[in-house]
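So the structure is just underneath, and the comments pick up after that.
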Amino acid sequence: MTDERFWPRNFAALPDEYAAYERARVVVLPVPYDSTASGWVGSREGPAAIIEASGNMELYDIGIGGEPYRLGIHTLPEMAFHAGGPEAMVERIEEVVGEQLDGGKFVVTLGGEHTVAVGAVRAHAKRVPGLSVLAFDAHADLRDSYMDTPYSHACTLRRARESAPVVQVGLRSAEREEHDLIRERDLPFYSPQEFRAAGAEPIAGQLSDSVYITFDLDAFDPSQVAAVGTPEPGGLLWDEVSELLAAVASRRRIVGFDVTELAPSLGPRANAQLAAKLTYRIIGLALRE
Amino acid sequence: MTDERFWPRNFAALPDEYAAYERARVVVLPVPYDSTASGWVGSREGPAAIIEASGNMELYDIGIGGEPYRLGIHTLPEMAFHAGGPEAMVERIEEVVGEQLDGGKFVVTLGGEHTVAVGAVRAHAKRVPGLSVLAFDAHADLRDSYMDTPYSHACTLRRARESAPVVQVGLRSAEREEHDLIRERDLPFYSPQEFRAAGAEPIAGQLSDSVYITFDLDAFDPSQVAAVGTPEPGGLLWDEVSELLAAVASRRRIVGFDVTELAPSLGPRANAQLAAKLTYRIIGLALRE
Amino acid sequence: MTDERFWPRNFAALPDEYAAYERARVVVLPVPYDSTASGWVGSREGPAAIIEASGNMELYDIGIGGEPYRLGIHTLPEMAFHAGGPEAMVERIEEVVGEQLDGGKFVVTLGGEHTVAVGAVRAHAKRVPGLSVLAFDAHADLRDSYMDTPYSHACTLRRARESAPVVQVGLRSAEREEHDLIRERDLPFYSPQEFRAAGAEPIAGQLSDSVYITFDLDAFDPSQVAAVGTPEPGGLLWDEVSELLAAVASRRRIVGFDVTELAPSLGPRANAQLAAKLTYRIIGLALRE
Amino acid sequence: MTDERFWPRNFAALPDEYAAYERARVVVLPVPYDSTASGWVGSREGPAAIIEASGNMELYDIGIGGEPYRLGIHTLPEMAFHAGGPEAMVERIEEVVGEQLDGGKFVVTLGGEHTVAVGAVRAHAKRVPGLSVLAFDAHADLRDSYMDTPYSHACTLRRARESAPVVQVGLRSAEREEHDLIRERDLPFYSPQEFRAAGAEPIAGQLSDSVYITFDLDAFDPSQVAAVGTPEPGGLLWDEVSELLAAVASRRRIVGFDVTELAPSLGPRANAQLAAKLTYRIIGLALRE
Amino acid sequence: MTDERFWPRNFAALPDEYAAYERARVVVLPVPYDSTASGWVGSREGPAAIIEASGNMELYDIGIGGEPYRLGIHTLPEMAFHAGGPEAMVERIEEVVGEQLDGGKFVVTLGGEHTVAVGAVRAHAKRVPGLSVLAFDAHADLRDSYMDTPYSHACTLRRARESAPVVQVGLRSAEREEHDLIRERDLPFYSPQEFRAAGAEPIAGQLSDSVYITFDLDAFDPSQVAAVGTPEPGGLLWDEVSELLAAVASRRRIVGFDVTELAPSLGPRANAQLAAKLTYRIIGLALRE
Amino acid sequence: MTDERFWPRNFAALPDEYAAYERARVVVLPVPYDSTASGWVGSREGPAAIIEASGNMELYDIGIGGEPYRLGIHTLPEMAFHAGGPEAMVERIEEVVGEQLDGGKFVVTLGGEHTVAVGAVRAHAKRVPGLSVLAFDAHADLRDSYMDTPYSHACTLRRARESAPVVQVGLRSAEREEHDLIRERDLPFYSPQEFRAAGAEPIAGQLSDSVYITFDLDAFDPSQVAAVGTPEPGGLLWDEVSELLAAVASRRRIVGFDVTELAPSLGPRANAQLAAKLTYRIIGLALRE
């Protein structure tokens, strides 16, 4: 029974009926980690901000015509951070995500910096044969090492690529080495302009049946999400992202996802609201009947 | 005579020649009320922020080719808030707005939360036969009661609808019950996409000759106005709103309006500037010869 | 067993071993309510800020030489707010606090505005014979009605006084009527200067055996806590408050308390840290063997 | 008659009965000027912040046992700023203050940077024979020219000294040249420590019968007022300032004063509250029977 | 040799190899001046914010396919500000820019308010025969005098026009007098809508061979750059500006430019990032082979 | 020669005459590192904020009667951060500090989190026989490992103690294990109250002739410095710290120091100003004749 005198602080502010672990199809895993941030810091506060904002959402999602919360969404406690370096943190995330997957849950990882995706991708790739990754990101994230570690946020997609093939949307900033690598290997990258020209079809076409989505919020234009450590002008708009996600969901199976890099103190609270709605939307798209 | 050594803090920073009550065609009524806010709070500071920003406007409005301040705009003192509950506050607003209307003024109500519109709509509906309401809002605001009161900001358009028919533009978030109600009764709602597809014509066509405009600033996309308590991605842009307002003004008579929900601490000051210019624009559209 | 890979977001970031409801001697009740705020608003965000900050505390309290968390501290979900007016909200708080008291818990209420104390005081006064109240506050809060309601934050101690006798410390702002009332009835009020002159003895002496503490954080000097809606210069310092609390605890039994009026956006985060440590300190003082 | 449905935005939020020009003994002149600020900028927003905060004050001043608002306090519109350089702005201020003095008003100038005091001091010195100045300031402000102008905020007291003798309290930062000048001419300066050692007596003793007070808020310790452009640790506390002001008022006649340098975005709102209460206190001290 | 243990705080965070004065083709001149700001103040902090943000850029510019930093970019120390009035400051800027031009450098001036452009335009116009100016601005800036000085930020393009012909893009706010002047003299102004309709061709066509670009960031829509003192809704988008700049660069020679009016505290840090990338982009466009 | 048209952005805004490396007795080393922060993050922005604020200082230090800048103070570029984990970062700092010491410089390290002190202490301890450390800190920092690393900010003084004996002032928070360790080994710790009772004598007495000072700014009361990641109420005041530093300097030789943990976004700018003045003060005390 719902006690209406309380307003729970979990994802979507759900009463026990929908938030209890056992009955929940979905778990939300907050990972407040930002130790390798090289731009502006603060994404450690992203998960709490997204969860707080999610309590303001209306729970019928007009965009998909349904109420995803009825699947049951449990919010796990925040992960403790490993201060010894990012490699150990990535391992911890892989372990926790793996346990949840093994327990039959659909896992939503909320960063923190984009590095947290490496652990989540690895956990999924080991369990889902033929997994591919759809990455939203303004940056190539293809460096083999950055600031003396292969687990920098700037290496995320290079590491992810070691677990599964990656298609990226939103790219508009890269170093020359990354740019050359993309050309040499003909990696599937779409700048916002290329995406607008091509539409969702070819992107969905390059993905396998089972798709993991890793979402660095800096893929969005800063007018949509300014609250990221390394914003880049000229990014994606909400409606564009919504349409691409719907197109992918209608053709492929989304098996898990993360939403990362929200650093709430760097922009208005509306940014956390967008991140909450994005999270809720992808849950709905991934699991609707 | 204007004493140029001073810079008055009223709407548009007007000297007495244009701001004195007797000669003013327009009164601006600031209502710093936000007691039922369920998301982020702070719209009580909206009126002061709009008035402050209005002092930075250039007073020739290129968009309409005129100088609305020449009509005379008097800024009333801020309304005191009734802490006993929203119903009494709505009554106080209706009373004050009614007195101004009876005195022959064109009334501009600056919120504060959207609830303040209920009082303003009632005052106008009782005096203007055949009034219809054009509502800008991201949310349906159609709940019969919310958080234990029928005068919550989430019930504003349900209450307004009891006084006059409402056409709404900007809708992109609703609860299932609201959504079902809209469908059942075929209420005239336009999401941003529907508005873009339909254009201004059908909207103006559904309004009566005398139109009251209630403007919840969250109808705008958060890229235009982030400083609202319940922002929703995917909203209206400035140019779109400007064009719709011009289209309505050219076909109907605007008899009064409100601009609500600016919570200045939640976004950049540019948001207050937009709200000031919007207010000035509607004054110009409503009263131009 | 504690899973050290997680960092729970409850008061003091306690693992289940110490945070589970059944084993907890103490419950923390967050009440994010600020609808009657007449100054600057935002104390609705106080409880979440205090709980977040409490996760940064070191859990051995040097000041009292103990580890209060070993008592067990359970954090309840946030109370939903009643938007219909403060009277109904006060009733809801009284009801919830009463249920917890009847279940044998020691209740810590975190505001929100000071008005929430009225419900908590009533619940305690009905159950604890001979209760007296120690109030920390910069303002007399003695108005019979303010802004059209007897349940304004400016009436809190007038209402509390109807349930139990009140001794107040920190007073330095009042209206003439309040000032006259204090003189006429010889009410026990201590300004900061009077408290410094008198010491803790006479204050403890005016309290009964069972004491409820209501703490409006504006009793502190703004140098200690600026993040309140109606700050007043010339207030109490941390060490002074600590000493008074210790003196009272050594002579009387503290049966419950509240900490209210933290509006985190109005001051630095250090203010939330102080409020967390104050809360933890009073728990320790009230329940130590 | 007071219309209680409104809450006027003037100093102390007074109804017409007490705020109308004709009946007011006191005028408050806001001067939002900060063009020569060399540290952090923003004192142009000081007057509006002080006036806003003043609406939150309780109007019985416990510290002096009276209600200064009964004298009548009229708030003038903000002065327009002269962008051509500080000298012209100082002249404009002198002119406006002089007109008010000639009309029999007690003038309170709210800055803006400390430079505005030069105009106010000159206007008073020309009309009050034997005027002396009590200056609160962390800095000597004795440079003959700074950043290429003799009207920099860093020259304020050098300029003031050309109109009347100055006694300064709060000094704790100076350049060597200023320091040498003080020693050579044996100018009356009190650091916070010297003031604590000496008490109020010698300060009052060095002032003439008619005293103008110029208050640069950086005289306060940053724990009391952080929101100034050039804060200095180790300053005065509220109680100390209150006592000195009371001591001076009991021995001398205060003929006018200014409160300057509040840059509200640089500190918490509690700083504006202190500035409002300080202003109200000095009005009360200067004009009590 | 680059010492990778350090991260220099200059434009683009370049090591000595690329940042040393002698080898640098480009100098960046920070001018933290905002004394005539009439709206919200703070552009004095713009240069430092742009330089800080520039350290987060990836230095291969995908948009133009090159690495402009290889030209060598030296960051000069910040200019001291002349507090005596804007005319003297403009002269100082003209002098410093002129010295750099005479030394063979390509000069990038970072404001500070738009007024700083007057000095930079004059220095270029005296040295580059047949210079024309491309101005990005939301406002006409055509007043002959404003707030008592001909060197107000609101007169910038009137002053610039005395040195060279000006084509302006982004206009959407003007006073009647400015509007009339534009019509009378048929001055080349493009509102955002006119620019969208016309494309880059006619704009480039109205410019001479040698072009100086003066960029008031309020030309951008506030969704792109909110952090300006006088934001105006309805402005230019990043992609539009990028395309116009590329079109101009392919047809004309850019001989110098400024980027002004970033007031970082008025918007998210993403705005400084855009300004940094814009600066880097124009360097690349101006000087690519 | 000083070019007065510029205002250099280095520590104390010194012209080349005093800032050039060769002639400088002092080097300031900014280390923007905060990867192990467990509370609120942001001390990576501390060094830049301190340097910016230092430009507002008046350079004659009244407190010591001298002009320390005449010694020559060179500001090094910011250190790059090693994202692979804190151990490698500590090594890098030790290396850089050591090189400067070997070059005969007096080194001032600006954090960044307190962890950076470990590298600085090691570099000094290896070169200065019989070194002792005077630590200002609110926390014991004595954990052997925290959050999975022995190089957490919470282990700083445990690590420092491995290089040299430490006397700590300001302690008011510790875990039980730390508290027990202090008692068992009778380590020299002074809480603020103990320091007030004992005075400076016994502290100076426990230090060796050559003293390194490590200053975690959270030793200060949050009223003096709120902008730290783990603030604790009840700390030290400016005047107290000033007196202790003077007392130590008069009896011992200060051979180097660091100032750490300023996270500027967590408090007012006045906090950076205090940190700048503290830094300048210690330079003056350490090196005066």
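We just call them A, B, C, D, E and F in the order they show up, numbering each chain from 1.
Note that in this section contacts are C-beta pairs under 8 Å (C-beta built on N, C-alpha and C of every residue); 3 or more make two chains touch, one makes a residue touch a chain.
If you're wondering where the values come from, they're calculated on a predicted model, not measured in any experiment.
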| item | value |
| --- | --- |
| Contacts common to subunit A and subunit C (chain labels) | B, F |
| Homomeric contact subunit B-subunit C: same or different residue positions, threshold half | same |
| Option in A-C, B-C or A-E whose residue-number contact pairs overlap D-E by over half | B-C |
| Centre-to-centre distance between subunit D and subunit A (centres being mean Cα positions), rounded to whole Å | 54 |
| Whole-Å separation of chain centres (CA-atom averages), subunit A against subunit B | 37 |
| Chain centre separation (subunit B, subunit D; CA means) in Å | 40 |
| Where subunit E touches two or more other chains, by residue | 38, 80-81, 221, 223, 267-268 |
| Those chain pairs that satisfy the touch definition | A-B, A-C, A-E, A-F, B-C, B-D, B-E, C-D, C-F, D-E, D-F, E-F |
| Subunit C-facing residues of subunit F, complex | 38-40, 139, 171-176, 178-179, 191, 193, 221-223, 226-228, 230-234, 266-268 |
| Subunit E residues within the subunit F interface of the complex | 4-9, 32, 48, 52, 76-81, 92, 95-96 |
| Residues of subunit C that touch subunit F when the two form their complex | 56-60, 62-63, 67, 221, 223-224, 238-239, 242, 268-271, 273-274, 277 |
| Residue ranges of subunit E touching subunit D (in the complex, touch as defined) | 34-36, 38, 41-42, 44, 80-88, 146-149, 151-152, 265 |
